[in-house]
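As written, the chain order gives the labels A, B and C, with residue 1 at the start of each chain.
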Amino acid sequence: MSSERVQTMLWWCGVALVCAFAAESAWHLEWAAVAPSWLFLLTALGRSWLLAVVAIGVGIVVAFPLAVLRVYGPAGVRHAAVTLIEAVRATPELMVIFWVYFTLPYLIGTQVSAWNAALGSLSVIAAAYLAEVIRAGLYSVPVGQIEAARSSGLNAYQVFRFIVLPQALRNMLPALIAQLVALFKTTSLVYAIGVMDFFRAVNVTKNAVFAPYALYLILGAGYFVSCFAITRVVRWFDPRYQLLE
Amino acid sequence: MSLDWSILWQFRDALLSGLLTTLWISAVGIIGSTLIGVSVGCLATVPSPLLRRITGAYVELLRNLPMIVKLFFLYFIAGLPAVASALLALSLHQSAYIADVTKAGIRSIARGQIDAALSLGHSWTQVFRYVLLPQVLRVVMPPMTTQYVAVVKNSAVVALISVQDLTFETQQINVETFRGFEAATATTVLYILIAMAVIGTMTWLQPLRFDRR
Amino acid sequence: MIEFRHVHKHFGALHVLNDIDLRIEAGEVVVICGPSGSGKSTLLRCINRLEQIDSGDIVVDGISVATTREITRLRAEVGMVFQRFNLYPHLSVLDNLTLAPLKVRGVARAKAASTAMELLTRVGIPEKAAAWPAQLSGGQQQRVAIARALAMQPKIMLFDEPTSALDPEMIQEVLEVMIMLAKDGMTMVVVTHEMGFARRVADRVVFMDDGRIVEQGAPEVFFTQAKDARTQAFLGKILSHV
């Protein structure tokens, strides 16, 4: 039997053992105490996803013009865009959340709810990273395509609209989804400003009900399964893509 | 809208101590995650299906969980002291990404380089030391820099278990003076400066191109 | 010097080397040609065990390649030149040449450097000793690669399509170096499509197809009186656009 076969068998035996052990220990956890909260936790998970999806949506809307300015704008505008994007990207996500939470009331004039502050800060984070994703997508269209289009008589706008944009969008799709997954993980930080997301929901339940192991298993599973499933789907579409988020 | 920037001076000691805490936690996080991550990454390139799957599982498990989940798990569930939880969570979290970076870096060196060195009679150790390692180090520097900046950013999360870093001090200032905006702006600038320092150091360290030693 | 005895090799389901029997004497220059996928590169790479055979044996200078425990010592005696040069990009030309003599044979640095300079002169580019591979043209890089292989003073030189990655105007400078080596009596096994080279210096031309040696013979005979239909078809294709 080849060494490869042996190793693969060894691996699946190990996986089976770990699963059996995990199932056995999980059996004895305090599920009864946790059960009443299942809807609460599930809606909180949905809320986390909602935050991520809406933030990405708003982020794209902001990031797109930002990226276009970054790539096609005059030198001064380009530098300003780069500085802005890099400043946000260099700041810890938690700090961005705090900063927006503290700043928004000054900008809008009234008190801002934690939910809106969370949405705002996540959108800012999303926009900064998406601006880079869009820029990479725009650059990913081979120069030869643009030259061919220009030489056939299309003007700059038409080249962008009909040649560059469609290809750029298709190329950046895996990276876009990777950003969604990354942002979903980042939503856990809104715990710090009191938003009832999945992470806070689990912690609140933990303080109310004595079932720390079961709850943290749910916590881990919630994030792991969500992220893992989506990255697998992307990899199924584009096997060569390295999701580095 | 009345801003009061003087509180920054008032709380300069707190901010300074927070800054130092962030710096040393980040430093340990960088070292720890590099040690673990590079080891896992090297193992991932060994042509053994078993090792590939084990390292793959390690990376997937750590990457699909947010940093805060690992932090709270270590502190509340495993019961480790706050600082230990912080350092361990930070190191483990980033090690998964660094493992991927290392693996990609090693794979990117053309097989022909290894063939050429072997064909001249070098042992595998020599191939690794004189041909692979120098090239991998050059290739891997830029993505590593991104990862190290990420360590600094993720270090902010440890404030949530009351480790007194820069972010924690910002919150404290806000609680005492309600001047959260001023404090947050100042610490944001500080974090950006730290990130720039990291990038600057890495650029200075990096043997840039293949026409300079 | 080199002897293949009933060598078989598979890549999964593909039978890439099928019962290869081949003898190459010391001082012989053997050219191996054939269509893509015929196994000629694999055959070459088995000689210094960059690829391992499944059955049979290869004996190089009295040592069995399949079973020897000192493969690094064997490899030091067999030089190899690759299609893509494979120069170390992070080392200067001189360092590329001296690394192996220094680390594998423990030669003194001064001696290694002087040998390297001699070889660079021999291949025609002594002035490039301090340059970096990226600064050289393809033809120059390949000549450095040949010098690097020669720095270990091998008994045998293997060439795996050494000119296939070169622009046409640089092929000649590399072939000149190879012809010089052949005339100096080096044992050479060359996988190539350059039939002009074969006609000039080869002692024997071997045609491979589908993992088997189909036909072999002295160049004059091989090119004009090929017996097998496959050989004739192949020669027809490559000789027509010289």
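By definition in this document, a contact is a pair of C-beta atoms (placed from the backbone, for glycine too) under 8 Å apart; a residue touches a chain by one contact, two chains touch by 3 or more.
None of these values were measured; they are calculated from a predicted model.
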{"item": "Category of the chain touch graph - line, ring, star, complete, other", "value": "line"}
{"item": "Among all chain pairs, the one with the most C-beta contacts", "value": "A-B"}
{"item": "Chain nearest the global centroid, as defined over all protein CA atoms shown", "value": "B"}
{"item": "Rounded Å distance between subunit B and subunit C, as computed from the means of their C-alpha atoms", "value": "46"}
{"item": "Chain centre separation in whole Å, for subunit C relative to subunit A (CA means)", "value": "52"}
{"item": "Whole-Å separation of chain centres (CA-atom averages), subunit A against subunit B", "value": "19"}
{"item": "Contacting residues of subunit A [partner subunit B, same complex]", "value": "3-4, 7-8, 10-11, 87, 90-96, 98-99, 101-103, 106, 185-186, 188-189, 191-192, 199, 203, 206, 212-213, 216, 219-220, 223-224, 227-228, 231, 242, 244"}
{"item": "Residue numbers on subunit B that touch subunit A, as the complex places them", "value": "1, 48-50, 53-54, 60-61, 63-69, 72-73, 76-77, 97, 100-101, 104, 143, 149, 152-157, 159-160, 167, 170-171, 174, 180-181, 183-185, 187-188, 191-192, 195-196"}
{"item": "Subunit B-facing residues of subunit C, complex", "value": "45, 48, 50, 72-73, 75-80, 82, 84, 86-90, 99-100, 103-105, 132-135, 145, 148-149, 152, 158"}
{"item": "Subunit C contact footprint on subunit B (complex, rising order)", "value": "110, 112-113, 115-123, 126, 130-131, 134-135, 138, 207, 210-211"}
